[in-house]
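This report refers to the structure that appears directly beneath it.
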Amino acid sequence: MMNIQINIDSKTYPAIAQARHHVAIADFKLSLKSGEFVCLVGPSGCGKTTLLNIIAGLDNDYEGDIFVGQAHSHPKIGYIFQNPRLLPWRTVRENIELVLDGNQSPTVIDPLLEVMQLTQSQHVYPERLSVGMSRRVSIIRAFAVDPDVLLMDEPFVSLDAPTARQVRELLLTLWQERPHTVLFVTHDLREAITMADRLIFLSAAPMSVISEITVPISRSERNNESTIEAFRQNLINNYPEIKQLL
Amino acid sequence: MMNIQINIDSKTYPAIAQARHHVAIADFKLSLKSGEFVCLVGPSGCGKTTLLNIIAGLDNDYEGDIFVGQAHSHPKIGYIFQNPRLLPWRTVRENIELVLDGNQSPTVIDPLLEVMQLTQSQHVYPERLSVGMSRRVSIIRAFAVDPDVLLMDEPFVSLDAPTARQVRELLLTLWQERPHTVLFVTHDLREAITMADRLIFLSAAPMSVISEITVPISRSERNNESTIEAFRQNLINNYPEIKQLL
Amino acid sequence: MLAFLAVWQGLAVYSNSNALPAPEVVAKVFWQSCITGQLPFHLGVTLLRLVVSFSIAMLLGCAIGIALGRNKKLDAFFDNWLVIFLNIPALVAIILCYVWFGLVESAAILAVVVNKLPNVIVTIREGTRTLDQDLLDMARCYGFSRRKTLAHVIWPQLHPFIMGATRSGLALIWKIILVVELLGRSNGMGYQLHLFFQLFDVASILAYTIAFVAVIQLIEVMILKPLDKKALRWRR
Amino acid sequence: MLAFLAVWQGLAVYSNSNALPAPEVVAKVFWQSCITGQLPFHLGVTLLRLVVSFSIAMLLGCAIGIALGRNKKLDAFFDNWLVIFLNIPALVAIILCYVWFGLVESAAILAVVVNKLPNVIVTIREGTRTLDQDLLDMARCYGFSRRKTLAHVIWPQLHPFIMGATRSGLALIWKIILVVELLGRSNGMGYQLHLFFQLFDVASILAYTIAFVAVIQLIEVMILKPLDKKALRWRR
Amino acid sequence: NSSATEKTIIRIGVQAQGTLEWELQALQDDSQMKLADFQLEIQHLANAEAGKIALQSGSVDMIVSDWVWVSSRRATGADFTFYPYSNTSGALVVAEKSPIYSIADLKGKRLGIAGGELDKNWLLLQALAQKDQFDLNTSVEKTFGAPPLINEQIKQDRVDAVLTYWHFAARLEAQGYRKIIDGRGILKALGINENVPSIGYVFKQSWAENHNQVISNFFKASKRAKNQLCTADAAWLKIIPLLHTDDVATQALMRQRYCEGGIEQWGEQEQQAAARIYTMLRTLSNNQLTGVSENLQPGTFWSLD
């Protein structure tokens, strides 16, 4: 459970060979409260993955600063990458067990595998999984570490509707049981409204925040499809600045 | 423009090491009319990609037979794989140009790049693209070959809503200009209804057809959101056998 | 195998020179040197040297190769040295080792290692450069320890390079060890082969060669093949 | 570079034996053999042999390596042969080549190729086994011709293996060519080095070695590095 | 020109830095060579093994090598034959101030041996020690190695004595090292007083039978050259660059050893002595040096008619 202060003056990918240099993020400010669930919505290629990589500490080549949690403890990060990034030479189960730290028992995986319908496939190597199955493995991996900060980059694509619903519920249950800060990238506005405390709409490159909209729907009402739909219509009609994104 | 007769008695992945053998497809029969647009909807891991691979001729290890087009001509196939599968050592433009056959001019790519907003990035290597951008490249690649049969495995995930809409329109335009048989895998029922002549609902492993439903909405009415929504509700309410899939 | 014997027999009969004795002659020589214990003794000595120098070269080579492949600055600095060491003639290295350290066992081993090491480094470095950054990032993000990253992320990706280095490495060491033994040891296959060579006793040379090839085949079948199988079982 | 010279000078002064002459002695010898044209001549001869045999070995090796890596049956059949050829002592191969074909240039080249070829095959085969099936499937689906698949899909993936084979291959050929020249040619670096060795003229040995290393460095800087750069420019 | 084409060509394999190279160099200035009925085609070779390969592959007609090898080849069916060239032989050398004065003093010392276990001098030296009732093989600390390395070993004081080939021994001697005994001395001590050549021309018998006259002429020319080198300083001066040493003492000693090695006598008696040496070597080397054949093969020595 961590609050996060993001303050990126600019993130530039340098020019290489024929490719020109590219300013991916400019003047980006965002702060997340501890335990908040925030969704990012923005056009393809605007810089969402770049942002998550910076927050995860994988990319230090930017101007500005990021503050994650209390300075004295190292935050535990769960990151569902946009591609599953499984180790092809380890089985499903091994892939997940590898991220557990020493004092977690390997049995914590079992219920997660069960929910994701992967118990049957736990000893299979990733090359033998369908894309949706790999994605579910990568979701389990992120959940299994009991993260303080959970970064999710379009985690539910390639999942069929019932499975996606189930995983969303699981995520929310885990989040409510043990609150942690969640940053969630999605292109699906309905999904974003169902899940988020707050929606952040992003501009195309260089990426910055266009609009922040709090979702005032209570958690209990979230699985009512028509409430979601109504809020979506409201967004479409009353927020001209984000029209281009919907 | 090809009609396709699919008749798969069974497709089994053999047991290897600890992984048990897996019957992916059993007793699968489907026939597509020439120029038909068909959507496949089924749970994650049921065998959709396996099916497309078999149709594309990439997998010959199955029982049954597939008939694509008139026997005397080799069908041209465009396949949007579930992962973009770009050659990382070739630029965006080179990746697309490579699939053109000798008598196609490389300039056919330009308008496609334009629509997909990739003109700027055409000389960039794929490792420098965002996931959504790679996906757009792989879409252009499939469109560029002027295929007789177009196989699409969840082509529009990772695209933001406006881009996805645009690509859908482009696909339909191309399809109407020069009809070809399309087989489209998606988990998004709304998308399926918007695009397809016919919806095929698939069971979990071993995969077979649960239900075939023709979409009676005329092409001109398809971009009316409420019509789509109404049909969706109709599906949910009146077809108990596909309830589990929605 | 049989085909090989047949071809050999054919060639031997055809050329009919003592430069290529027929298989049965070689078999007889082989059998005799086995009985006298000569062949097993020299083979054993050479194998011992091979094992020791191979282990040292592979361990050091992998470590340095990975370091150079991952660290561009280090690589730029050592690149020239590497090319120099790679191309120091075996002869020069061996002579210098012997002259500095005397005609002793450790000098012989050192000479072999000096010859083999740069090869391993180059191969492993090439492999390290192709490591998947996505997976490394994943490991970093999930706080894998160095050891864990090496064992589960880096090593499996280096496997084909390591196998390549092992296979061609055994062969290279074998080639070099012969020269090493020839110039300054009084036992081992190289020493023996040199004696046979002086006498132009090709039958004995072939008998010893076959013994060595058989050992390598054994290593291949008993160690390398199973390793390969284990490491590649995840592949479709 | 300077560091290297310094270390050398230090060692030379320290050991103070003719086994390790100081850099300036070697430089003088180097300069003299350049003026007399001796060094350029022998170096040139050896380089010519190196280029010819390297090209043959690489071309054949890549072709066979790819074939074996992609075709399991072929591989199972030739695997044993490969191990045998890999471990035939250089000496035996060289002797047989010379005895059968006479002390002619082509025999020398053949001997080198026979020694180098199995190494290339093994490395490339290892590389071919790791080819990305997804990309190959893509190429097949879009009806790439064989040539196109090779050039655009297979070759770039094999690049690190080919570079590995090239670098350690040049070194290996250089080691072998010395023996080849020693045993049956009357010119070339191998022949010269042996003469110097008989005289224990380490200064000349080093001078020749340096000349060769310099050439290899040149090849590295002029050809291999740019190739590397070109082939890897797509990497992040 | 036409006369050149009529000349028989002798392709000869010459070991670099061998004394044959000296003679061939001297022959170039020999006025009689213009009239000779043969013409030499010289193939330079790096070492003895290269010579053997060259001869076996038919790339040269003639090399210089030893008769034991010829005999063992003949035993396996080759038709090589031998004509004496020189009887210079290797020597046992120690440092000037070394306490070693006889073979018996070698006990417990470190001995460097050029070549290997089957080196003829080493075998014979063991036989000699046997006569003094001690087993040299077990009572010295042996180091085998290539001759240049062995020379370095004694210079660095890593061995106490070396048994090495004649020109390596000569180089040491010129630097003040002391010769204990040489190959000929060992043989004498073993009771063989005849001067048996150590090395000679080796060629195919079938070839020789067809070129009898030419070969004989060549041998005469070679002998003439040798005499020139040993008697005429001018001729000697010309081949000094081939010695690859600037040290005058070494040059002189090498000339001396070379000239001492001339063949004066080659007849029935010497050939019988060779047969006795052969038998001795056969037992000493446990058949390894000689091959299985019990006796020196008939026809090993070529006789000029």
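We call the chains A, B, C, D and E, going by the order they appear; numbering starts again at 1 in every chain.
The definition used in the following text is that a contact is a pair of C-beta atoms (placed from the backbone, for glycine too) under 8 Å apart; a residue touches a chain by one contact, two chains touch by 3 or more.
What you are looking at is a predicted structure, and each value in this text was computed from that prediction instead of being measured.
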Those chains which touch chain B and also touch chain A: none
Common touching chains of chain E and chain C: D
Chain separated most widely from chain A, comparing mean CA positions: E
Euclidean distance of C-alpha centroids - chain B vs chain C, Å: 51
Centre distance in Å when chain A and chain E are each reduced to the mean of their C-alpha atoms: 85
Centre distance in Å when chain C and chain D are each reduced to the mean of their C-alpha atoms: 16
Centre distance in Å when chain D and chain E are each reduced to the mean of their C-alpha atoms: 37
Junction residues of chain D, two or more chains touched: 17, 19, 95, 99-100, 197, 233, 236
In chain E, residues with contacts to at least two other chains: 49, 56-57, 146, 152, 156
Per-residue overlap in chain A, given as positions that touch at least 2 other chains: 16-17, 83, 125, 128
Touching pairs among all chains present in the structure: A-B, A-C, B-D, C-D, C-E, D-E
Residue numbers on chain D that touch chain C, as the complex places them: 1, 4, 15, 17, 19-20, 80-81, 83-84, 86-92, 95-96, 99-100, 115, 118-119, 122-123, 126-127, 129-130, 133, 160-161, 163-164, 167-168, 170-172, 174-176, 178-179, 193, 197, 202, 205-206, 209, 212-213, 216-217, 220, 232, 236
Interface residues, chain C side, partner chain E - complex: 17-19, 95, 98-99, 102-103, 182-186, 191, 194-195, 197-201
Touch list for chain E against partner chain D, complex: 16-17, 43-47, 49-50, 53-54, 56-60, 146-148, 151-152, 155-156, 244-245
Complex contacts: residues of chain A adjacent to chain B: 13, 16-19, 22, 41-45, 47, 49, 82-83, 91, 117, 121, 123-125, 128-133, 135-136, 154, 157-164, 187-189, 244-246
Contacting residues of chain D [partner chain B, same complex]: 134-135, 137-138, 140-144, 148, 152-153, 156, 231, 233-236
